[in-house]
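Given below, in the form of structure tokens, are the structures.
Each of the next two complexes has chain A plus one more chain, namely chain B in the first and chain C in the second.
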Partner chain A sequence: MVLAQDATTLDVPDVAWSSFAPELLLTAAALVLLLVAIARGRQLLVAAPTGVVAVGLGVWLVSTDVVVPGAVAIVWGLALPAAVFAFPHRGSLVQAWGAGVALAGALVLTGWQFVTVLGDGAGGMTPQSALAGALANDGIAFFTRITVYLTALIVLPLGYGYLRDRRINRAEVEPLLLLAVVGMAALGTANDLITLFVALEVLSLALYVLTGLARRDRRSQEASLKYFVMGAVASAILLYGMALMYVATGSLSLPTIGSVVALAGTNQLVSALGLALVTVGIGFKVALVPFHLWTPDVYQGAPTNITAFMAAATKAAGFAAVLRLYLVAFPGLQGLWAPVLAVLAAASMLYGAYVALVQRDLKRMLAYSSITHAGYATIGVVAVTDAGLSGTLWYLLTYAVSTLGAFGCVIAIERRRRGEVALVDLRGLGRTSPAVAGILALCLLSLAGMPPTAGFVGKFVVFQAGIEAGWTWLVVIGVLSSIVAAFFYLRIAGVMFLETADDDRPLPASSLGLTTGIAVSATLVVFLGVQPQAFLHLADAAAALVR
Partner chain B sequence: MLAEYLPILLLFLVASAFAVGSVAVSSLVGPRQPNPTKLSAYESGNEPLADVPGTRFSVKFYMVAMLFLIFDIEAVFLYPWALVFRELGWFGLGQMALFVGILGVAFIYEIGRGGLEWD
Partner chain C sequence: MEIGYYFILSGLMFCIGLVGVLLRRNAIVLFMCVELMLNAVNLTLAAAARMWAGPDGQVFVFFVIVVAAAEVVVGLAIIVNLYFRRGTLDVDVPQLLRW
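Our next item is the complex of A and B:
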């Protein structure tokens, strides 16, 4: 009793749950789906109590005037048991619906965060820092969340039929996908080095497993092992760089590092060394040129829907970290890192474009094209202006929707080919399956940056930011590599529409999910190209950072 | 700035010098009277299962190792938490319940997938 009276309560930290509400929902969904995965015949035993808890939580939230998250919790709590009821003997369909509703809920919660916290009513943003500075709820976080959640939401239906056809539709796919998404969104919000590293590991570990999903396929095994070993080395280098940053500045928080580095008398050599090592680690994740060696093999070997997810979402999350690191923590060393990063960008654009020219395999070619696009996105980073920042965020969104559409069409073609899709397999596709060929051509035109598509607006904004910041030579290289890239994108279109095939049968009918996924991404490619204003405005507002 | 880390470097040097030094001194100075019991491998009082060099053991041990790691980390968090449990009050209890709950889901999943069955 005496002891109990002596005890003093510490100041309990105030956890701002709302600042990471979307990730919270997705983590909970991933855990529940893992339990559903092992429940086999007793799925209702897991789904029903979860539903009761979620609905109860939702009702409590609504009664305390937190209406939107409450409604999301209620909807998800009802959707899971409903899915179990509706598809009693199709576990993977329950998983897909459970994950899909959770991702849609996460998008809604992101919008709710914008309306209640970030937005200032006039379309601008007031950034907020949360969890004692570990999280920054600002423009980068908001835009990364949108890109990543949208990508995952499109990848789910794209991959469902594909995984079933290849008999790798294991129940762990959706939980791992959700965890990877949580890691990516957290990477976009991370405002200190530890959070950044943990987020990076969460997304990487989930992706290593997803890459090796087709474990009977040797190329998938190889891709997984290669990605894991090289990714682990990259993580180690990154961690060493972070340690050096801490030595030089005595802080883990990015804004504090930023203000310390700007002071005269700080040990600039050590912090620059740390920054260089961290650049290696993150350059690996986004596949910038000297650190890109894993990309073609991993993109080719991984199941195609996972490749689409990696290409679109990992790039967005990785660049979110790059932007925050350079623009928040190291604007003081700008004269040092901007030229280096510009050279990496130029090398990525040229190398990716020229090597993609000689590829015969479609997935491999798209892998090299993703290296090229990492270069374009970097132009916005080296500009070190608000225009460059919003340009990069916007570019990543347009790249995500275009590459999703392209990989979706690859999945549709793989249904006939059973495995690799080489360039010659596309001959005559324009005649036998005009819809798939047309959409593939559209997405490739967007990747090439042709006017009526999203890719054009993306490239235009990034190049404009580069010119304004005085990086004329870099933009010239960007335009040159776009011309080279346009050649191989257009060559694919030519093969599809101008050559004739030996095999006149159309592609087997796509599953409903695949059709939906491809249609949604194609619509987005056109919509973002014709009506970019709404999102461009958001991207402009996203230049508000926690510094 | 790096000079602050000099004591750590010195500690490393002293520690390795002590380890190497004591082994070297005992092998140089100590008496040498081997017998079969002294030469046999020490495995916590059990009979050694196999000769150490070149022994193959089942790959299934990786699961045990991973499980150990998970609960090891859990214990690492639980000790300091137990120390300040009173001060943290309900907040601490809730946070630890969350942490243990998430680990628990992983553990249930592992059992459900047969991770604890040897064959």
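Our next item is the complex of A and C:
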């Protein structure tokens, strides 16, 4: 808190702009894109002045030796008017390019943060806190940013043609997507309860609207209402848990809560109650059994590209909050929460895998598979070691790229059918369109955890961390559930390659954006599986936390 | 008055809201129950801020109020749109998605 010393002077708080530069860029981009959309026929009237301001800001930044953010601002300031000029009558293409360049810029800025602010020169990480401790720039923040920005960057081209085909490519899609991304990245950086709560709501509110994007599709509307009601209740429960933590400790900062909770004489009953409510609330957000009820309906009803985004990015952001809450604020109560989380993880892994077995709808099946994967990622959390922490972060990245590829193939198949994608729709896909079938099989193998894909390395790392921390029974359950899961993933591959196609099945659609998105995620699935060292090293470095 | 009474009152308010969410089926009433839960949290935070004699809890209350307002905007838009689609506010009525 900065308060005025006397009536005439006001202490200006010292703001470390570099600590949230990517989020600043994305927020600005979202607002400008909204303005551009409102301007309709007079887009240049908005885009040109914004471009001038952005370029001017960039030149000023470069002249003060902040070269990389300056360059990003200049590039974005030039790209937006250029896009408006190039596609004067295609508003959604302008939006997509504006958002895409902003997301790429955010990735560049994240790399710049790592080199100049976080890095210690030897590939390790020096965690820092900013804004009087409200933000933590450390491993969780860095890795969450990479996963979320990468996911959004892949989702943009994946969804462009799909939204156009369904006639729901309205102007609010890209700004809302960017705002959700900002919320997720902020959730990864949040180091006090207020920031954490606001970030969680920013991403949730944007996602409620995106889920209900198809206004004429009742499934989308029902999914949106269901997500909203469940999400609002979960937020309220989480918030009450946070309030009880404040009652017990008298602090909102996570590291301070952590040190106070560890002291004897703190009100253990109130902190335990707060911990329980926080676990319920955050369990909803990352979809752990028994708080998973919304997941299948919302994943099935939402437009498929939004589902892909939710599955990959929300999970990463939610687990960032889980890691920070449990490892920074509640390590003193480890004896209480570790067994509970372990049971939740075991239930998620088993329940998700078994229920996915009987699903006929592909999106619903992938939803249950996401519940299973939430269980695997939790193994790294209950390990409470650096290996577990980096294992969870790494696992979420591998899950994100695999699930993006799988949903990309679902989009390809769904676009021609314009409806749900059932298992029978995949019959003979291996003969009629081997590329889509092959990539879908590859991504499913990665979700099942087969070598040489990214999913194998991901599972290997979290299982290893679990064993080292003594959670052998949990890892055994994980392996068992992987075997069950492998069965239904392989069944899809069997339907695609072994059965013959019906003649009247339409072929999967393809467009440049969709092909690019699927190709990039498939490449990442293979690359992270064959050459994981570079990213594994980053994940290890990311175990450095602001505590 | 003892500060503990405020915590008891806010706990009761929270429970009433939670029970309402679980039992009632009208989307607007569900929504009001969620607001009741959020206001219970605000009361807890304000009382705790008094107890710890610091501004943190009161600052948090302002953020909760702002977020609750934003939630009302989004939530009512969703509810109104759904009402136009199917003419009822009962969240259990026709379901295309199985729970």
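Note that the second predicted complex is superposed on the first by the 535 of 547 C-alpha atoms of A that agree within 3 Å, B and C clash if a C-alpha of one lies under 4 Å from a C-alpha of the other, contacts with A are read in each partner's own complex, and residues count from 1 in each chain.
The working rule: contacts are C-beta pairs under 8 Å (C-beta built on N, C-alpha and C of every residue); 3 or more make two chains touch, one makes a residue touch a chain.
From a predicted model like this one, the values you see are computed outputs, not experimental measurements.
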item	value
Contacts of A:I483 with chain B and chain C, given as first, second, both or neither	neither
Touching partner for A:N267 - first (chain B), second (chain C), both, neither	first
More chain A residues in contact [chain B versus chain C]	C
Partner chain(s) touched by A:S251 [first = chain B, second = chain C, both, neither]	second
Partner chain in contact with A:L45 - chain B first, chain C second, else both or neither	neither
First (chain B), second (chain C), both or neither touched by A:L35	first
Partner chain in contact with A:L205 - chain B first, chain C second, else both or neither	second
First (chain B), second (chain C), both or neither touched by A:Q221	second
Doubly contacted residues of chain A, that is, touched by chain B and again by chain C	247
Residue ranges of chain C in contact with chain A within the complex	7, 14, 17-18, 21, 27, 30-31, 34, 37-38, 40-41, 44-45, 48, 51-52, 54-57, 59-60, 63-64, 67, 70-71, 74-75, 77-79, 81-82, 85-86, 91, 95-99
Touching residues (chain side chain A, partner chain B) in the complex	3-4, 7-10, 12-13, 31, 34-35, 37-39, 247-248, 267, 270
Contact footprint of chain A on chain B as seen in their complex	1-2, 5, 84, 86-89, 91, 102, 105-106, 108-109, 112-113
In the complex with chain C, residue positions of chain A that touch it	1, 193-194, 197-198, 201, 205, 208-209, 212, 215, 218-219, 221-226, 228-229, 232-233, 235-237, 239-240, 243-244, 246-247, 250-252, 293, 296-297, 300-301
